[in-house]
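Okay, so chain A shows up in both of these, paired with chain B first and chain C after.
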Partner chain A sequence: MADVDLDTLQRWLRTFAASVAEQKDALTSLDAAIGDADHGANMHRGMSAVVEGLSTPPADPATLFKQAGMTLVKSVGGASGPLYGTFFLRMAPATGGAAALDPETFAKALRAGLEGVVARGKAELGDKTMVDALTPALDALDAALSSGESLASALRAASAAADEGRDATTPMVARKGRASYLGERSAGHQDPGATSTALLVAAAATAVAEQGDG
Partner chain B sequence: MTVGIVVVSHSRALADAAVALAGEMVTGDGPPLEVAAGLDDGGFGTDAVAIGEAIAGADRGDGVVVLMDLGSAVLSAELALEFLDDDVRERVVLCPAPLVEGLVVAAVSAAGGAPAAEVAAEASDALLAKSGHLGPAPAEAATPEPSAGAEETATFTVGMPHGLHARPAAALVGALRGLDADVRLRNVTVDGPEVSGASLSRVATLGALQGHEIAVRAGGGDAAEAVRRLLALAEDDFGESATVAPPAPVSTGRPIPASAGIGIGPVLAAGAATVAVPAPVPGDQRRRLDDARAGVRDHLRTVRDRAARDIGAAEAAIFDAQALLLDDPEVLADAGARLDAGTDAAQAWADALDEVEGRLAAAADEYLRARAADVRDVRDQVLRALGGVADADTAGDGILVADELTPAEAAVLDPARTPAVVLAGSSPTAHAAILLRARGVPAVVGVGAALAARAREAAVLAVDGSTGEVVVDPDPAALADFRARAEALTEHRDEASRRAGEPAVTRDGTTVLVGVNVGSAADARAGVGADLAGLVRTEFGFLDRREAPDVDEQEAAYRAIAEAMGGRRITLRTLDVGGDKPLDYLPMRAEANPFLGVRGIRLALARPPLLADQLQAIVRVAHDHPVDVMFPMVAGTDELAAARRALDEAVEAVGRGRPADLRVGIMVEVPAAALKAAAFAPDVDFFSIGTNDLTQYTLAAERGNDAVAALADALDPGVLALIAATAEGAGEDVLVAVCGELAGDEQAAALLIGLGVRELSVAPGSVATVKQAVRDVDLALARDLAAAALTCPDATAVRSLLR
Partner chain C sequence: MKKLLNDPANLVAESLRGVERAHPELRIDHENRILYRADAPVSGKVGILSGGGSGHEPAHAGFIGPGMLDAVCAGEVFTSPVPDQMAEATKKIDGGAGVLHLVWNYTGDVMNFDMAAELAAAETDTQVEAVVMNDDVAVEDSLFTAGRRGTGAAIAVEKIVGAAAEQGRSLSELADLARRVNDSSRSMGMALTSCTVPAKGSPTFDLPDDEIEIGIGIHGEPGRRRVPLASAHDIAGMLVDPILADRDFTGGEGVLVFVNGMGATPQLELYLMYNEIAALLDKAGIVPVRTLVGPYVTSLDMAGCLVSITRFDDDMLRLWDAPVATSALRWGM
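For the complex of A and B:
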């Protein structure tokens, strides 16, 4: 299994941006039910800006993540800005400045990003947030890698776990974010943040699989 | 203290409107206020980068309080902290207050000069007024503890003749400390605002005078206990009933020499007379007052800078206090109201200041009474600037006889016009006396009211500032005697000047280095004949600015001094400030006792980047010039070790190896350091005894407090024993220097040399005379003198040995 190179990581972000663009209205309508109806639009604006920034290619993965994080922080506007921004900003130093990331390093960087999100949002599992998709995804990724699976295969497992985590947010009562103001009324709706996070993990699986194919 | 405020909101419109609302509550410029709200395209949202920039923009060095609306505003603000420099981040408070109410209160509190933590705390309490107005919170909102939701109320009447001034207010705050109670006080009599009982400064704002009725409102688990304690205290007049009238200032009636030299001349009596209010002058009265204040402000700055050079930054702080008074919002509001009522500028200013002075002078609290003199000083200076009567106190020629002298008055005396000063009170260690010595004005202090009264009536006075003699209307024989002394003194000084460039060698051939204390390159040039710059006070580069000087700037300043010394050694003392004089960019916790707090090396070690920059600048200069680095206020060997590590790191950072001629030493100011000199000795090249601070710490008598300044006599045998201990611990290889006031006392030279001191660093004007004094010393006799002094019971006995 080759290491994840800079091209693949850029493809990951482009793929995620494309998914967000495609799902923009769906994300916004999820948010309309329990939030302020801006998640799709905000993430679309943010990821479009990130892709725009890729026109000047970054030097290494750390620079790529830092650039993506800062762009999200500046352009998203809602809580996803600091949360996704922190995710990428924390990934950057965890790459150790490598030109390409081996699977363990990539997994470690993702984990650092998750820890950043948890620290920033102070959300726990079950609070009906993006953490509910990201945590099972990275647990699945680590488990698959340690049992010797390829990164592509491990990311597929991670993506499936993220989807499950996303679906599991539906019955939850929100305890963080704007949805928490609704209390019990937030139950019965899928969390938009967990939904976009599942897209992020799926995009990683797609991008790495393409590198494998190539 | 200028705390900035940043408003973070999803909506630019909301933020702007909240800022406008808050602006109505603040007169004048208000605190620095920045908004980070909305997205660039006008949509709702927050941007951590913009917040970071807003915080940096609002920071004046005293911290920033950030108020946020909800959701991403909070997350983005937290993230923004990560983008800030460490030192900026440390002083940012993210405040959970509701945006609109919190902003209004924060703006008012910050405009009033409150520190960041207090601004945030006040803002966080901003809902209390509203919730108080709307009545008790609904039951379900109450916390589970049964009594927590209950509110206790009571009233008491202030019984103390001087009202609820600083001391009883401190007792009040102290009594409530530790209780789970939010106590609010309101002066019902004046229909004043409600203030927190937890804050001394807020309680002081009650303006509670005798007979005023104070309403108490307490919430929280210990509300009942809080009210009980308060009422008990009030019943007991806050402990003031037992306080007897404060003793009159000590007047020894025993003249003390305070500044050497002979003065003969007519008397210029200055008593309690205040500057007369000048007659009205037509024109824009507000403009006239502002111009006069601006002039006085400039003058105070000049005096402050001069005092900082002559006597050190800490002492010079008194002039900052006066400058603050000049711009005190309360005073200005009062004067402004009088101007609005049609009063002339001078009369309005005099009335406003008289009222403040009257309040302070009547206070039972010693500190407050001392401040009354400052108020008077500021009042008079502005009146003079308003074209008032010429300065009757100190403008004329003649020997000045007064009860006391303020530092501001002392700092501007000209020896050519004021041959001498005679004071009824004061002491040789008071600020005024230190300044008189620096100015070269002979002075005798503590002569007592009786002698001062006779002196005021005299036609001619003869004063000997070396012996303390004050002769009223001297007969021809006495006059001839004083003239002969003056002549001898002049001759002695001329001789000293002629020989200034020669080394100072005792009769038996022991060389004693005589250095100059400098605070600028100009001082270095003024110290003609000095063997070295034995104390370079580097504070001058750090005062009066918004940010610390960088390495390049410091290097240039130190290099200029080294070049002015032309190859002679310079001893650079690292930054020596403390909480009594915080720098704008060095926010410090308020300390109850800053002279025993984080100052000197303690402060430097707590701010590694600051020390690192300074040491790098010093190391760079040390590659080209002979340089000593000296650490102030060292108390323990671990501090020295840490400082030396920082120096090693600076050497490494500069990257040119260790400068061959770089020596390291410490100030000995803390008695413990003197007693542990042997423990420090292996790691230093020299000790430099700061006798001013060593004396105040040894006698537990603050130099700046004239009420105890007489105790703080550097010739106290206790202080001398510590100097002897330092010399003994230093051994053969470590040079012992004295760079305090005592080093400049010609009469003390033999004593210090006898105690083992081999370097004296003095004010520029004293270099030649101290060198000359060294030349008269015989080491064997000096050692006998030192031994005798160490057995003396007090400073007076030591002083009589020196004559």
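For the complex of A and C:
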């Protein structure tokens, strides 16, 4: 398996931005049901700004993640800005300044991102948040990598786990964020944050698959 | 959707241009979406910063001026502003005595203000303290939620703390005072209709003509429960009872009663509500000594109201009465 190069990582962000653009209204509708009807618009604004920033190519993966994180913090607002921003900001140092990331380093960086999200948002599994998609995704990624699967195949497993985690948020009662104010009434609605996070993981799987399985 | 708009994407930016033309006593940094007092920073005075999403007008910019806030950061509609804005605003109003962040308790606002304080600490030697305002009794179980929302009490906190800052009190004294006013306040709101976020173009939730939402927040989020439409008399009970069950409001120097319009409810109905609320308070032995009736913390075009009660001590009452000169509150000067 070839290491994940800078081109692939940029393609990841572009692919995620494109999915967010395509799903903008769907994300906002999910948010209208249990939040305040802005998740699609906010993520679209943020990821468009991230893609604009790619016009000056970053030097290495750490710079790419730092730039993406700072752009999201600056342009998204709400809760998603600090959370997605922190995710990428925490990924940056975990790359160790490498020019390309071997599968283990990429997985480690994603894990550092998740830890940042948890530290910032204080959400636990089952609170009906993005953590419910990201945690099973990274667990599946680690499991697949340690059983010797290629990164592309491991990311496919991660993406499937993220989708399952996203779907599992539907019956949950929200305990974090604006949806928590609804109490029991938040059950029966898919979490918008978990939904955009599933897109993020799916985009990573797509971008790495396009680099080829090496 | 029928609204006064050019392009929903430019709503906040164009509205800020209007604020600038209408209020020469304010300065606006359009790039960072910071509104601040023309005389900022006031030397030796603690700067008071608040802010939040747009769509709550006159909150937050309507409370900038002598005797209240020094600056606010404006976010997108119902979306918290971002840390860079807050850090920049903190610099603009630091008169050497530190800056107090008054944060409305919403997940996004709290996280962004946290990051702003981290930025300010890394980039400057400005002393920053933050107080989170959370007065909404509709949120019953704070352990399993993002905690009680900041709603009407913020007006009392910002007014009283702003007056105290004008007198030259220190940052830590002001933070204590902010916590004291917040702790002395409770609020509860209701909606007759949803609201329409311009970028979405349709109402955030559907509310049939014969139903109301009790325990709403200020972002068009649905409330805690939905009940059949009732008389104003009965609705007043649904709002006041949980407030009085949560805290003792008797004694002290009496209370401030704030009946807030959510954006599309006429003043005529708000005073009718005040009549009902005052009767309930009277029965409970609670003495309203100051009132505020009108739309001050709105939720775009939502119809409904929010009741907020603050128990005064003599310091708080004196500071409430102190001069204030903002576009939304003005007395004594």
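Couple of notes before you dig in:
Basically, the second predicted complex is superposed on the first by the 212 of 214 C-alpha atoms of A that agree within 3 Å, B and C clash if a C-alpha of one lies under 4 Å from a C-alpha of the other, contacts with A are read in each partner's own complex, and residues count from 1 in each chain.
Throughout what follows, a contact is a pair of C-beta atoms (placed from the backbone, for glycine too) under 8 Å apart; a residue touches a chain by one contact, two chains touch by 3 or more.
The structure presented is a predicted model; accordingly, all values stated were derived computationally and were not measured.
Of the two partner chains placed by the overlay, neither chain B nor chain C lies in contact with A:209. When the shared chain is aligned, chain B and chain C each come close enough to touch A:77. With both structures placed on the common chain, the touch criterion links A:100 to neither chain B nor chain C.
Put simply, more of the residues of chain A are touched by C, taking chain B and chain C as the two choices. Residue contacts after overlaying the shared chain place A:120 against chain B and chain C alike. Residue contacts after overlaying the shared chain place A:28 against chain C, while chain B stays out of touching range. Judged by the touch definition given at the top, the superposed model places A:160 against neither chain B nor chain C.
Comparing the two interfaces of chain A, the one with chain B and the one with chain C have residues 38, 42, 73-83, 120-121, 177-178 in common. Residue ranges on chain B touching chain A, taken from their complex, read 10, 39, 43-50, 70-72, 75-76, 78-79, 82. Listing the residues of chain A that touch chain B in their complex gives 38, 42, 70, 73-83, 85-86, 89, 120-121, 177-178.
Residues 28, 32-38, 41-42, 45, 73-83, 120-121, 173-178, 180-183, 185 of chain A touch chain C in their complex.
Those residues of chain C lying in contact with chain A across their complex are 53, 75-84, 106-108, 111-112, 114-115, 138-141, 144-146, 149, 197, 199-200, 204-205, 215, 217, 219-222, 224-225.
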